[in-house]
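Shared between the two complexes below is subunit A, which pairs with subunit B and subunit C, respectively.
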Partner chain A sequence: MRLLAVGWWLQLKVRSRSRFDGLLGVLWPLFFSTTVFLMFRAGTQSAALLSAAVGASVMGVWSATSTAAGGALQQERRQGTLELLVAAPRPFPLLILPVTLAMATVGAYSMVATLLWGRFVFGIGVTIHNPIAFLAAVVVTVVAIGVLGFLIAVCSVRYRASWALGNALEMPVWLICGFLVPLSALPAWVRPISWLLAPTWGMSAIRAAAEGRTAWLDLAACLGLAALYAAAGTVLAGRLVDSARTHATLALT
Partner chain B sequence: MRVFFRGGLTSYRALFTWLSPWILIPTFLIGPVFQILFFAYVGRTAGVGSDAFFLIGNAVQYAALPCLFAMGHTISGERSSGTLPLLMASPARRIPLFLGRALPVLINGYGVALFSLVAGALLLGVRLPPATLAPLALVVAVATFGCTGLGLVTAALALYVRETAVLTNIAFGVLLIFAGVNVPLAAMPGWMVAVAEWLPLTHGIAAARQVAAGAGWADVRSDLVAEAGLGLLYVAIGLAMLAFFERESRRRSTLDTY
Partner chain C sequence: MPVVDVQELTRTFRSGRGLRRREVHAVRGISFSIERGELFGLLGPNGAGKTTTIKMLITLLLPTSGRATVLGHDVVERPREIRRRVGYVFGGDRGLYERLSALDNLRYFAELYAVPAREQRGRIAELLDLVGLAGRERERVESYSRGMRQRLHIARGLLHRPEVLFLDEPSIGIDPVGARELRSTVKALAERGTTVLLTTHYMFEADELCDRIAVIAGGRIVASGTPAQLKQRVSGGGVVEVEVFGIPDGVVGGVRTLPGVRTVSVEERGQAQVLLVHTEPGADVAQAVLGRLDGARVGRVVTREPTLEDAYVELVRE
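Up next, the complex of A and B:
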């Protein structure tokens, strides 16, 4: 637990250093939320704007995690620190998980920024009926997204080009996890895929808490899936590190 | 001519450090298709626009991804490989050197936009009348040229700033909001429309939507001329900025710092 906490805090500091990255982190969620707010304001379903504001706020958490997680280990590889991480006496997954959790935490900023942007620029006042459940839902969703990022990140131990996977998954998850589009509006065959993704349940819990409905079942599903991802990522990390050692590809950039 | 073609091709092959072409699939094929699907479904939920509106807007806008990122990377990639000082020290003339790098990028962006149009139309069930396909392809080519001009500006800025990916992401986001990709210009505040008029893609997307709806050349001539004119303007600005930042980076010894 101490290792996770120290790693998370260190990575949080590392990822907060770059002013360029900070600028993009500030602007990127606002590009998409502005587009979405303008679309809903111009459309006939402007009553859905409140729900869209909540959904748009979570989009940034996933964006910050998916794109960065894909390139996290590639960055370690370029810095020449990946071999040190693999050779460290601590379990490799426990060294990678804090990296993606820190990314999701940085992404959590975009939730606040999007809600404030919506409030002060577009006049969208989001009323949160159950603040405690809302806060719990946000924390669990951020953690679940971080763990999903961990699953993406471990793939790049073996596959150098998997940074592209993180980029490619950004919008599919936005679409099929119900951030802005109700699952009922998607083709029926997509819904089982949505149910396997923790952000779907996290988003549902956040929305339920904001609207005053019970969020605990959704939260339990989100946590359960996150635990499954963590287990799968741990097994996968072991196998992929072994494979990278066998093929002598660990340090290849 | 040799610098233009051989130099451009060599630079393109070094892009994105890809050794096998499969890396292009998620970036250039999956990404744009999901952007089209995402905004088409959001549009349905919000009750705004039609599937064709989002298909054309996002497919044409996605040409910006290679045009902006690849052009920026032509400089930052040289820097990270340690070859930027050699490039700048070479006696090659700068205009064919940099325009040669823009040509494969332009073709790439055009291919991405056309693929996105076809794939998005098939997935969303949007029917584009056969008679509109050839004019649409030409309009997309003009829009891609306009965007490559902006890419040349980002390439020039890459001589001055280190984080070109951040810069190009911001340019991509600005185009997404302002160029009428997902929100009709009529639904935007006046100041946003005024900005949009001076951006590449705005006129190209508007022309593409009109052509897809069956409009003739006369109807879209002004938009096409504006898009091509803006493209030339951005190319000229980009080349001037490249010359300026090259001189500045030599003077301040910052060419190879990052």
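Up next, the complex of A and C:
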């Protein structure tokens, strides 16, 4: 736990100290939320607008994590620290997980920014009927998104070009996980894919808590899937590190 | 039992597919061993296979064939046991978190290398003192000079008190004063019982520090022994250095055919070139060499005893 906590804190420091990244981090969620609010304001249903406000806030968490997770290990590779992480005696997955959890935490800012932006610029007040469940749902969703980012990140231990994976998954997940439109609006064949993605359940739990419905089943599903991702990522990380040692892809050249 | 034991180790890098498939044989069946407390040097030109060898020993690369053990553990079968007990320091600017302070870097790597929490503070302070960064530890690494970064690398590599330390060209890019301090730190570590494998381009560094040296070229070990033994390989002969401003075509080949000449090489030194002629014992070839340079602008001519560097140059060009 200490390793995870120290790793998370120092990775958070690393990621919060670039002025350029910081500026993008501030502006990006506002851009997303403005687009979504303008789209949904054209409609007449206030319930849909509220749902979109919450969805847009989670979009920011996912975008910050997915795009950064793909590039995180490439960045470690570029600065020569990836080899040091692999050469460390601690289990490699425990060194990578805090990296993506730190990204998800940075992304969590976008939730707050989106809701405040909606409230003060667009006049969309989100009433949270069950604050405790809402808070729990937000924390679990952020952690689940971080763990999904971990699954993406470990791929780039072996494949240098897999930094693009996170970018490729960014927008499909917005749709498939129901951030923008309800799952019922998606084609039937897409829904099983949605159910396999933890953010779907996290999103559902956040909405349920905000609206005063029970969120605990959705939360359990989100947490269960995150645990599965963590287990799969751990196995995958072991195999990919061995493959990287064989194919010499830990260093830049 | 040797602390590091390498038997017929090879590593081949493959790239491309199909007709574009390319193979580079970086290490070709090398064998050597290092005893506890020994300071062993691996010398060779760029691309000789030094870093590849070190990366196999610290478990970052899997060998293509052959076998290596570190502290009795096989590098393929038992990587975790090896990682716990070895340290790795490489030269250059990379390998640190630039946006963090030196202190945060060391805190992070102390966690990574499983330094017990209650020991971390004291150990970090001790190492900051050792490498001369005490008082500067709260500054971000991005503001550090190359020498300071290198010293921080050393501190990082020593955090978990490794029994074996792998130093891959640690003095590269450091100013002479920093390099001297680094050498004294390495020497002190070896005196305290740490086994050290050092790669360097600087012959005087190897001569000053290493108990034994293996010269590696083209992925093969071409000679090994104590610095004195390596020097003996070219002793008995002599070296003639001729400074020339523009060596005419065909002169090097011509000098090579002179009686009493062993090898000939050319070094670039600023605007001049230096013709290095290694001679047989007792041979006086200076006049004959100058005769071959007739018409060229010649500067200083020196006849001297061979150094370890001469031995190295002769070995890697054989």
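By our rule, the second predicted complex is superposed on the first by the 248 of 253 C-alpha atoms of A that agree within 3 Å, B and C clash if a C-alpha of one lies under 4 Å from a C-alpha of the other, contacts with A are read in each partner's own complex, and residues count from 1 in each chain.
Keep in mind that, in the parts below, a contact is a pair of C-beta atoms (placed from the backbone, for glycine too) under 8 Å apart; a residue touches a chain by one contact, two chains touch by 3 or more.
Since the structure is predicted, the reported quantities are computational estimates derived from the model, not experimental observations.
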Quick check on the subunit A-based superposition: subunit B and subunit C, clash or fit? fit
Give the label of whichever partner, subunit B or subunit C, reaches more residues of subunit A. B
Between subunit B (first) and subunit C (second), which, if any, makes contact with A:Ala248: first, second, both or neither? second
Quick check for you: in the superposed arrangement, does A:Ala52 touch first (subunit B), second (subunit C), both or neither? first
State whether A:Met1 touches subunit B only (first), subunit C only (second), both chains, or neither. neither
Contact-wise, after the overlay, does A:Ala185 reach subunit B, subunit C, both or neither (first, second, both, neither)? first
Determine how wide the angle is at the CA centre of subunit A between the CA centres of subunit C and subunit B, giving a multiple of 10 degrees. 80
Return first, second, both or neither, reflecting whether A:Gly80 touches subunit B, subunit C, both chains, or no partner chain. second
Of the partners subunit B and subunit C, which touch A:Ala88 in the superposed model: first, second, both, neither? second
Once both structures are superposed, the least CA distance from subunit B to subunit C in Å comes to 10
Subunit B and subunit C contact sites that coincide on subunit A, given as residue numbers: 18
Touching residues on subunit B, where the partner in the complex is subunit A: 17-18, 20, 22-23, 26-27, 30-31, 34-35, 37-39, 41-49, 161-163, 166, 169-170, 173-174, 176-177, 181-184, 187-188
In the complex formed with subunit C, which residues of subunit A make contact? 2-3, 6-7, 10, 13-14, 17-18, 79-81, 83-90, 95, 242, 245-246, 248, 250
Please output the residues of subunit C touching subunit A within their complex, sorted ascending. 13, 55, 58-62, 80, 83-84, 88, 90, 92, 94-100, 104, 107-109, 111-114, 117, 140, 156, 160
Of subunit A, residues touching subunit B in the complex: 18, 20-21, 23-24, 27-28, 31-32, 34-36, 38-45, 48, 52, 161, 164-165, 167-168, 171-172, 174-175, 180-182, 185-186, 253
